[in-house]
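As structure tokens, here come the structures.
Next come two complexes built around chain A: one with chain B, the other with chain C.
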Partner chain A sequence: MSGLLPSLGRAVLDIVGVVGAIGVLFGRILSRLVRLDLDGRQTLASLYRMGVKSLPIVIVTALFTGGIMVVQAAPTVERYGVQSLLGWGAGFGTLREVGPLLTALMISGRVGANNTAELGTMVVTEQFDGLRALAIDPLSFLIVPRFIGIVTTLFLSTVFADVLALFGAAFAGWPLLGVEPGVFFDGVTGGLLGVPDVVHGLVKSVAFGIGMALASSHFGIATSGGAPGVGRAVNATVVTTASFIFVLDYLVSFAIR
Partner chain B sequence: MIRLRSVVKSYERRVLSSLDLHVERGTLYGLVGPGAAGKSVVLKVIAGLVRPESGTVEVGETDVGRLDELGLAEHRKHVGMVFQNNALFDFMTVGENVAFPLRRLESLPEPEIQRRVTDRLARVGLPGFEARSPSGLSGGQKKRVAVARATVISAPVVLYDEPAAGLDPVSSQRLFDLLREEQRKAGNTVVMVSSDVDRLLTVTDRVGVMHEGRVVFEGSTDLARESDHPVVRQFLRGELEGPL
Partner chain C sequence: MSDDLERPSRDASLDEMLGLSPGGADDGPSWFLAFTSELRETWSVVTRTLHFVIRGSPQPGAVATQLYEIGNRSMAFLCVSMGFIGMIFVYQAGIQMKRIIPEVSQLGSTYLELLVRDLAASICALMLATRVGAGIAAEIGSMVVTEQVDALRMCAADPIDYLVRPRFIASVIMTTVLTVVAGCVAFGTGMWTASAFFSINPRTFADASLVDGADVAVGLAKCLAYGAAIPLISARAGLAARGGSEGVGSATTRAVVNSSLAVIVLNFAISTLGYFLLG
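Presenting the complex of A and B:
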């Protein structure tokens, strides 16, 4: 018991320190965004590397996510004979929760971890100092473009994933429950679902993107201790980003009901 | 001219302890000393990458210690630096690395940038390497690309941190000779840190020996070789007995 409290205190101080440092980083990024102080070529490169190259993983995840939702719902839908509500049920879950959440977790594994590894390697090989030695602000040159890349990627991937997941659900519902795609999409667009449901999920995707970009950049910049340090930084990013995603999911769900 | 007076810097321990250093304009100055003596930190202080806790740092007419972030950025435009780990940007090709300072710091037309990059790479013995990736180069080739990038703009001050680290003796001597030629041609002020003391001393005009965060000897290369200072003698001759 005597060792528990100090350990708990240290853990709380560590978390407060990380959250504080991430807050400061967010402020520094915003100040550069307001002044449009960023590198255009790096921004385009980030969008391509993070966004375009994530498409295959988003497609696979989204299609199967939609299918899984129908498989899980099938027994209940059959028992109560509410095939006409399948579109509404799948749409509600996908647009508000499962689409943004699973897309964020997949993008976190691919883009967030990669961002930390790249930035951490640049730090330990003195590339950050190399930029500063050439009178270039590493935040404007590297961090702000990556911030834009991650937030934009997650937002657009979520839009894309939402649409694909609905198609996945529609084409899983046909052979499983005999619900034709036309009937399924009538359920989606029949009035029970609306723009607020779409916005709800997209607000989440932006919040997840900001959290992911900040955590992955913070741990990348703060890397020390050579190659093992890069590994530790990536690990910290994965854990912190996943925590951020679930905490933000709860907060946004609570705030926009 | 570079002048550091009573410079103090600490991280987890004191790294620079009231350090004084004077480098005359147009000289090639070698800064040597045992590991963890603070040599690399001295270079970063001169480049304005590290702020000392106290003391003054003058580079030319600039009092670096009094500069704000914008002033430091301006100061860094006049200082070329080769880092211990080369600091080549691995998301760029060799040509883009060398062209980077020209694109960011000078308003030159693209054909002129390409011409200068080609010239510079040929000068360091890497003609035709423009499209190669830094990750595919040997240690010596990376060093030469780093030298090309640091010298592509005629900076009045150039700093080299362990330029020959990891190179075989022949490559090391070739690199030092190249750096000497570059310095003679440009007439700039060069401070070079290296553990390869024997080869370094073949090219330097003056040398400073650091120990425990201070310069304990400063003088011509010949004087350094003949010095009776116990640290200098032991370090330069590689003797086992002594204060180190």
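Presenting the complex of A and C:
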């Protein structure tokens, strides 16, 4: 049973099983969302804990991301001597790709992993069974609020990160390349970048949010085997979420131009 | 020296320190104290690890086990992620270039330069921060809360020497190896995308004329810095775990967040230094 073929088959079956379970979970969440069958207080609490509390890391990440984009664009800008295009170059990459991607990776580490740990601990201490015994649907009480929390957090954080990254880029371009912020923002708004580019990034952020919420909730609910099980579930969540983010990034990039 | 970690420490992840911790208004500068104590204790882990790298006790097989855990078991995950990244970046860059110049044959050389200087090392490190960082913190954290680390100390084995040193050495080596392999995968998928969507001949695309020694040096410096930072920050988060399984959960989260932040900050620092020193 330890040959290459059996282990390959087991891996494929595992992946198919996880994807199927996540699909079923998505369907059940959607059916409750449509009926607005969710707990309002839990939703507000999730939004606060996930969204408001993530602001500091989003700010730090976004400012540095802007700086990195400018440093990476620097040799190209100097080679062709096109300083007016720096804003466009850094803005294009940030808005369409790097802003949503890095925000999602940071939020995944903070919010996604935490969500799995919380749900997993509840499962192994039988709090889910407790809720069921009280005739409370764990999905509409716990999962749907978190789903809304994660998707909203990621969307708003990306909006926030886009703006801050552009500021970071503008103020890194000044000392590094001598491109004044005014020239930089002229490059951003000069007509080569448009609303479709911003929308492109935001669509990605919603897709990442849905993927992250589903993966982290699924592995939280599916936790078994006590405290070590929670650790394994958290590990599975961060890895699956990162893979989801890249696959969704690829699909969205090609689906909308 | 090693009792730094034994007294209950103020641990706080960067988000708690910078932000709205539930402490209220009366403990004004506490986030600053928490931040400096976090820095000091991470620094203590760094110095002790470096000490034991030079004069640690020999443990046959420990480094090899970690090389396998960190390296081989991350290979598939990294190659798949970087493969997608290669396709996405070449596609986006191609669209971007087409908007100003109709000619996209420069795409390959620019992409290869960016890949060597930054993209391969940084994206790989972000992936490793989630996979390896979470693994190290969860493993060491659950050893701390089940008092296995105290048992190690009773056997006169320093946990830094016994647990952190092999992971540190393995991570520095394997981050570099994984970056090179996954970078090649990303270049291959990028080459495929360029020929499929922009009809650029693979021979034209594989153009290393823009890559010089400075790019390789900056990329290599990044690999080594990330490879060193991730296990140290994650081990520090694991060793500071307190209070049962929730403690392990929050240690894991803190390891992932702080290592990812470290990767981003180091990226900015090394890129800026490289730009000024090497041009």
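One rule holds in what follows: the second predicted complex is superposed on the first by the 255 of 257 C-alpha atoms of A that agree within 3 Å, B and C clash if a C-alpha of one lies under 4 Å from a C-alpha of the other, contacts with A are read in each partner's own complex, and residues count from 1 in each chain.
In this text, a residue touches a chain if its C-beta (ideal position, glycine included) is under 8 Å from a C-beta of that chain, and two chains touch if they have at least 3 such contacts.
Remember, it's a predicted structure, so these values are computed and weren't measured experimentally.
Using the contact criterion defined above for the overlaid structures, shared-chain residue A:S46 touches neither chain B nor chain C, since it reaches no partner.
In the superposition on chain A, contact is made by A:G130 with chain B only, not with chain C.
By the document's definition of touching, neither partner reaches A:S140: not chain B, not chain C. After overlaying the two complexes on the shared chain, residue contacts for A:V238 are found with chain C alone; chain B is out of touch. Touching more residues of chain A than its counterpart among chain B and chain C is C. In the superposition on chain A, A:T103 makes contact with neither chain B nor chain C. Residues 118, 121, 124 of chain A touch chain B in one complex and chain C in the other. Chain contact summary for the complex, chain A toward chain B: residues 45, 118, 121-122, 124-127, 129-137.
For chain A in complex with chain C, the residues that touch the partner chain are 52-57, 60-61, 64-65, 67-68, 71-72, 74-76, 85, 89, 92-93, 96-97, 102, 105-106, 108-110, 113-114, 117-118, 120-121, 124, 176, 192, 226-228, 230-231, 234-235, 238-239, 242-243, 246-247, 249-250, 253-254, 257.
Those residues of chain C lying in contact with chain A across their complex are 14-15, 18-20, 77, 80-81, 84-85, 87-89, 91-92, 95-96, 99-100, 110, 113-114, 117-118, 126-127, 129-131, 134-135, 138, 141-142, 244-246, 248-250, 252-253, 256-257, 260-261, 264-265, 267-268, 271-272, 275. Considering their complex, residues 44, 47, 49, 73-74, 76-77, 79, 81, 83-91, 100-101, 104-105 of chain B touch chain A.
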